[in-house]
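Handing you a structure now.
Letters A, B, C and D name the chains as they come in the text, with residue numbers starting at 1 for each one.
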């Protein structure tokens, strides 16, 4: 950590800062420049990070040198983590292909779609039983009934299932049914919820918030990891942008940034990133090309009757096509789509 | 609602759309242009809003004409709402002056700061007992002990208190102590939490999320209102921006936009919007000038020892100065700082 | 175009709007809803686009149905355009591989780098003679001397050259030397400059502005096209974002959006989009995967001595590696890197 | 300047960096931490700023300590600058009230509007003769004829005039007519144009670009100042935002930031910032309250017939009302609206 002092700082102010640093068991290394004085701090930076140093008179700025996350950092774990979701591997060259409708619908439709996406190449089935809807008047999901349907259908087709949990008080309930717990973008900094899923033993799919930096995302992963749950998969799903031509701004470079900083797998979600089925196939390929460990796509066999987000879903036949392109691209990159357990 | 069809739409596709509209008990009004065909829909727009119309082949775009919120809308309630927080009024010309430290600290310090902000002009005392911290390793607040301290200090000084609630499972607990429940920016779309505070009978301070549009903010208010709690005060506290010179981008125009669309009071929080004490006084005045119904400012009597966000706190004497300027500006605008109950 | 009227609009106001529409030779189609009245306008929308309709009392909003660009639109030209830069084709399955240093440096270094990028797979050589620098105190480029060096080196290696023009008064000068004129991101809405390059007969590389929507970009292309120059290649190079981990936010979905709306080729520039050499290879592949018609990458054989933007340049051997990956990916997508003329 | 080295940097790499620093006549001060090594650089930081230090192997990051602008900096000129526009002062407690239509229209209308805004309290008259229009098919301004009309009308009413210049080749022409040259937001980083107006002796109104940071704005001012023209007035007019409820995001905090960093006057333009007449009065007051040195508002006596941007113009009577509120607020802040020369 480097403490930059203000121009015109007094010797007494400098002393106060140095004393504060030393009181934490750290060493202060003074560097008196022509225009500015700086103090290099040697020792465990995290001790200093917790202190309100810039509130001390004479301090202009504090520049951290180390990232504030530890368990999520590649320094802590140089090799890529591989997360196992009921037999399907994510990371380290294994691609997740998560597909399914936005919301869990009736059992028959869920069964049809599951069959369709499985034969089209998906290896994890998705569907929301508890839906975060912008409007209190929109369909809020089928709740526990939806979880049961999803579980049954997953079992019948031999596919692991992932579904969103929104309420810290229901983490246990959802974990009874699901193979992987999803934290939605709007809850990425719901720290109570992160702590709860951190206490569960289920893999977690953590979606990036709409205004979260990569560092924010890794700090949220750190919440889960610090509770003892090491099975976190990140997901880039678009950040807030200014161009109305896509729903969000798909930030593929963030995938590459995450992979420099962290060992955790990261997948992409072109469905939510763009909100436009006509762009999803091209954007899915871009995500795999940039190095993502999987692709999350919403698929519905009758979008105009979907209970939620129908307009952004791909049809099963469209999904089969992009899935095949992903398979070929994965091969070029020496990766593979993870096989289903028992397949 | 207006449905814009794609160029080259077939008569059969047009018929399908019209049938769907009519099946909802609405009227479709066809307008065949040179380049494009559009369908005006007459009747209760909300029925159509729930349908995935753009997933129907031939539909290019659906343009809503009415806002998706109802109870929050000025149409529903043409006069300004006035929210009463244990005797302190907010809205309709009455300004809230919310002040206090970021986090609840020990009882003596809380007492000192309360005395200082009260005599400097504050009418509601704030302090976080449950703190949403980006890092799992940062101080997370004193919890229920903090609530007790805050309640005691508020009572001793005759000031209503506001504090954040983060966990839907603790809304009842927090409501036992606080006069007003704060929903933080990161939880603005935590719909489970919104629903819970909507069921409580306490006034709610709803902070705008960092990437929330004004419409998103009003929809989150709608969640609370739709549960029967009409006492919602909104808060502009900066949105995500690209210039690192301020922590967030302080969007004062949003205050004016909200006041066009909604009857709910809205205050500003220049502390979180800028993150810089040197900018807070000027930005507080800007907020009042644009028409805000109050100002939220973090104040600490020793920022360099604060347990959270010390570097952005004003000193009590700085707060007294800006408070006096706000008083004069309020007078110019024919408003007044709400007196404390019994004052 | 659809005109949405305000609630409570009077019959007189409606008449005024209709008269205005009809005075332009257009037909007005009234649709009186329960809550709102709308007017569909039939005829040449562009006539209405020029009128300040929302300034007429009673008008709430005007919703355009057609895009405001014509020549750039895919409606005007359904097939992909192919732009020929001195024998190198861009678009329609032909990929441009533009490479070279940020700024033109001395002749010997320019010659070395040209040889290196050519053998690594580049087909157009780049270098700035006139540099847009944020600081007036930074190196501003070698000017006409730089153009001469670039021309000589391009000729010696048989590579077409592209270089930026910033001054409308020097378009003719730059066009004497260059095979393709680059308009930088900061000048994307320098309409005087766009008009001048529109009058030249050289292909133009138009970079997207940092806060430009796709529609803004296409409107700027329209400026050039409307002057009679049809040889426009667009370039996505990152928009302004909030995460400091990359210089800009690389918007690959915009490539797919452009290709839906327009027939013009569009390439990507991961060098400026990310500003980080460690991310450039992955982001280049993402651009090709999403469908870009080429890749622009800065290459320097000694970045630590570069006169401009050295820290973001790839080394020739790094470029060779990504170039080979692009070649393989292109093949998978049934595209090819355009051969050099005579090759 | 502080150079942060990568973890695992070799002693040879450290030596190379130190040699590079010393070769520039600067001193390097090594600080070897537990996790990281940093080098404090002592001497003239600007020498180092021009070097591609992060391209040297082993260098992780370079943190500047001083701002890159000099003449625009408050360090260089601690007191507020006051710019004189043909007798009307801007800065140091003197408020500019710039008003007029978006585009120069016919002489009679220009005369009517001038009379109206003058009697409503304006002290500088504006109107565009060369208009930067997004579409090549929109009205582009009356050109030199417009300049003549504006000059005549200004003279008749005794008001200084400001008008935009877009073309470096026409700076001299525009300067023959205008009292102040405006650089539009889209040209804020048109460095050729900045250099040209820097060579003129006319005051310059420099509008902030839509994605410009405060530092970018000050660097553009530096271009003008470094050419010898010290009469620069900055203008905040909204940056790109994600909420469609306003045209741009009005960044009033930037006014306060500029005033910390620079001595240059800065005004606000709520017309372009919001694009909505209903929000302009409140936002104008917010700008004055935050400390702006003036307000720029578009006014038209018949917005529905305006040739450009009619929908965002205030009527003269609306302008008179906000102008009176600004006068009272200025008084409260110990400022005054500058009187017209001879008034």
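One rule holds in what follows: a residue touches a chain if its C-beta (ideal position, glycine included) is under 8 Å from a C-beta of that chain, and two chains touch if they have at least 3 such contacts.
Source: prediction; values computed, not measured.
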item: If a chain touches subunit A and subunit B alike, it appears here; value: C, D
item: Centroid-based (C-alpha) most distant chain relative to subunit B; value: C
item: For subunit A paired with subunit C, centre-to-centre distance based on mean C-alpha positions, whole Å; value: 32
item: Where subunit A and subunit D are represented by their mean Cα positions, the distance between them in whole Å; value: 39
item: Separation of mean Cα positions, subunit D and subunit C [Å, integer]; value: 26
item: Shared interface positions of subunit A, touching two or more other chains; value: 211, 239-242, 244
item: In the complex, subunit A residues that touch subunit C; value: 211, 213-215, 239, 241-246, 249-257, 260, 273-274, 278-279, 282-283, 285-291, 328-329, 332
item: Residue ranges of subunit C touching subunit D (in the complex, touch as defined); value: 20, 46, 49-50, 52-57, 68-69, 132-139, 166-169, 186-187, 189-192, 195, 209-211, 216, 219, 222-223, 226, 239-240, 303-306, 309-311, 313
item: For the subunit C and subunit B complex, residues of the former touching the latter; value: 2, 4, 7, 29, 31-36, 38, 40-45, 63, 65-66, 75, 240-242, 244
